[in-house]
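Just so it is clear, A, B, C and D label the chains in written order, and each chain counts residues from 1 on its own.
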Amino acid sequence: MTSPAVLSDVRRELADLHQALIESGLVVWTAGNVSARVDDEHFLIKPSGLAYEELTPESMVLCDMDGEPVDADALKPSSDVFAHAYVYRHRADVGGVVHTHSTYATAWAARNEAIPCVLTAMADEFGGEIPVGPFALIGGDDIGRGVVETLDGHRSPAVLMRNHGVFTIGGSARSAVKAAVMCEDVARTVHISRQLGAPLPIAQPDIDSLYDRYQNVYGQ
Amino acid sequence: MTSPAVLSDVRRELADLHQALIESGLVVWTAGNVSARVDDEHFLIKPSGLAYEELTPESMVLCDMDGEPVDADALKPSSDVFAHAYVYRHRADVGGVVHTHSTYATAWAARNEAIPCVLTAMADEFGGEIPVGPFALIGGDDIGRGVVETLDGHRSPAVLMRNHGVFTIGGSARSAVKAAVMCEDVARTVHISRQLGAPLPIAQPDIDSLYDRYQNVYGQ
Amino acid sequence: MTSPAVLSDVRRELADLHQALIESGLVVWTAGNVSARVDDEHFLIKPSGLAYEELTPESMVLCDMDGEPVDADALKPSSDVFAHAYVYRHRADVGGVVHTHSTYATAWAARNEAIPCVLTAMADEFGGEIPVGPFALIGGDDIGRGVVETLDGHRSPAVLMRNHGVFTIGGSARSAVKAAVMCEDVARTVHISRQLGAPLPIAQPDIDSLYDRYQNVYGQ
Amino acid sequence: MTSPAVLSDVRRELADLHQALIESGLVVWTAGNVSARVDDEHFLIKPSGLAYEELTPESMVLCDMDGEPVDADALKPSSDVFAHAYVYRHRADVGGVVHTHSTYATAWAARNEAIPCVLTAMADEFGGEIPVGPFALIGGDDIGRGVVETLDGHRSPAVLMRNHGVFTIGGSARSAVKAAVMCEDVARTVHISRQLGAPLPIAQPDIDSLYDRYQNVYGQ
């Protein structure tokens, strides 16, 4: 199992990422949550219903892969915990999961409509459209299964869940937060573009070229 | 009557909640107000026409259930005081009331149009549509009566008042502020969704299930 | 002439009001300006082309009623100085003038369209529609004349200048800033309301009643 | 070559301008970049993929006019470095270049649509429409050539690149940032104006008069 020092680092990073979520305007009040895989058997997630300013590294809840808290005296985990657990169980490559009801992405989700890839920034980060998954009720495996099955066969690390909001995944919790920020950004820009006409499509070979470069050349 | 220590705590919380209102972008300049029930005979409310940065715990005005200030040297209470008083007299379960002209909610109100329940977050918090109440002039019981009568028969703690703005209620002032924040959030998302088409409805049994879970399972 | 102590107070207030303008999101970069009448012969106004973070009480430019700086070594006044001067010369009741290109108000102005009075908050502050004035070039009396002539016969302290932006007036500079904030707020709400249909009108007697109460009863 | 003291000043100013970019809401996460010409042979530019809060004066990358870093141990420059280099090589008057995906400007770009000059503030800063350039892939000279060729024959210091975002130029990096801020501001206002009808055009002689005055009279 992960050492206390490493666990403590992940707790601190996860608390910081929740602040990034609220500073980016992706969440209000207590909505939204981030989780981070700790090891093969555990992940950390936001506690349920706490205000963002109350979130501390210590308040993050260590859960097993069934979404059950490991410590008897821990806070209750986010009510989305089972969706996060499902994703970790079925995607060994995922190190972090984010869920928000960010405005523009959720507006597309409410119409059950995927976001078309009409921006180079979308080709970079999502490699194509941002798909939309099924309507699913909270509390069991339905949301997690919808997320995993919809992302299967897409390059996108983001999925819109119908009438609900967005889930994003990443190799790390930070990458998943980045995907959530970029998802809302392109959801907003494409929405606004379409308000006054039809945004032009980007040719598939150009999308492929942009995605390949961004994934392999961008950054340090 | 409530002890000075408790009254002092409510004053401080009420001043803090007004800051939450302005930080959430729900109010501008001196518009909007929050009140908190103190006991069966009294509530505290924002003074009239003060800037948010001037609001202190001591500036909050203690009123009786007719909306009259208890202390002769108190500031004049919000001009919405009679609407708040009406709600407290007719709803013993209400511990806090919020009024705003928040942008998107007021835009629905200006069209006399209820916000349909097309988001799971709306089913969670409002249990259905957010209804719209009558046009009413300020200064008497008309607004308060419109609020109480419209909320009667709805699960929603928020009501849009025609051509005017939003009133929300809660078991506490903090719950009423939460409802005001969530009301604007869903008013905005549903508005934006509908700009480019028709958001899909959520089936009534799913709304019921979401509402039940959120009211009874969510949080600590 | 005004005492140095009073002048110093007005300088400080004017610098603060410019910060309120940028914090309210009504201006970007160096756009927009506020002026304050000092006495029958003078007013203070923002210097031309300075960034908001560079504005100090001392940088505000004292001008005579022709818009000419009084001090030889003062900064150059805002290029809108002649419009402000015209207003002060023709409206003895005006103690402050504000000019912005705030987004939603300017969007109405670009269509040459008045904002209809469909919100109680608009009836309160503006007492009816916010009118639109003529297209006018900067640098002479044309803008000032357009402002004064258009406001004549309206209760509104705000006027949209065609293809340009907003001018607001008030008994004090602070009142004019309030009118600028409220103007953008109602311009945005009415715009958003109309995006999905037709906001309902408010009957004239109700507008009159709301305006009368707000002007005479609201505040301390 | 430029002295170390001057280079150090440019590094500090460039770091500050990146903060202005994020504070103005023009960029999210690591998107967007500013560069500043240092001398005839060199310019400084943002490193690739760093978060805005990690940007320091020292992290800015000194490049030659082919976009190659001068120092072997420097960070990797922005992946847009070749576009910036192309602009500096072909426009001796340019001292700064900015690139963003700011929301409203990019929405126009996704439709391949120039922004018409319907605001006096647009006539002031851009002297006419903001043109739109070709679709171009990142990594070579295509984007830079598209920027230079499109701006040729326009007064505008801003160009929308199709499906991509905005490039702005200026005599200094600060002027280019100003153009980026103003570009998003007018892109938003014209978009919103057109949502409810047709903004009125401004006559060409009036555009010419406004542009001439703003370029020659405005400021200190």
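As a working rule, a residue touches a chain if its C-beta (ideal position, glycine included) is under 8 Å from a C-beta of that chain, and two chains touch if they have at least 3 such contacts.
All values reported here derive from a predicted model rather than from experimental measurement.
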If you walk from chain to touching chain, how few steps can bring you from subunit B to subunit D? 2
Fraction-based call for subunit D against subunit C, same above half, different below: different
Per the C-alpha means, the centres of subunit B and subunit C lie apart by a whole-Å value of 31
Between subunit A and subunit C, what distance separates the C-alpha centroids? Give it in angstrom. 44
Shared interface positions of subunit C, touching two or more other chains: 195
Chain pairs satisfying touch are A-B, A-D, B-C, C-D
Per the contact definition, I'd like the list of subunit A residues that touch subunit D in the complex. 24, 118-121, 178, 181-182, 185, 188-190, 192-193, 195-200, 202, 206, 209-210, 213, 217-220
In the complex, subunit C residues that touch subunit D: 28-31, 47-50, 75-76, 79, 101, 103-104, 106-108, 110-113, 135, 137-139, 162-165, 191, 194-195
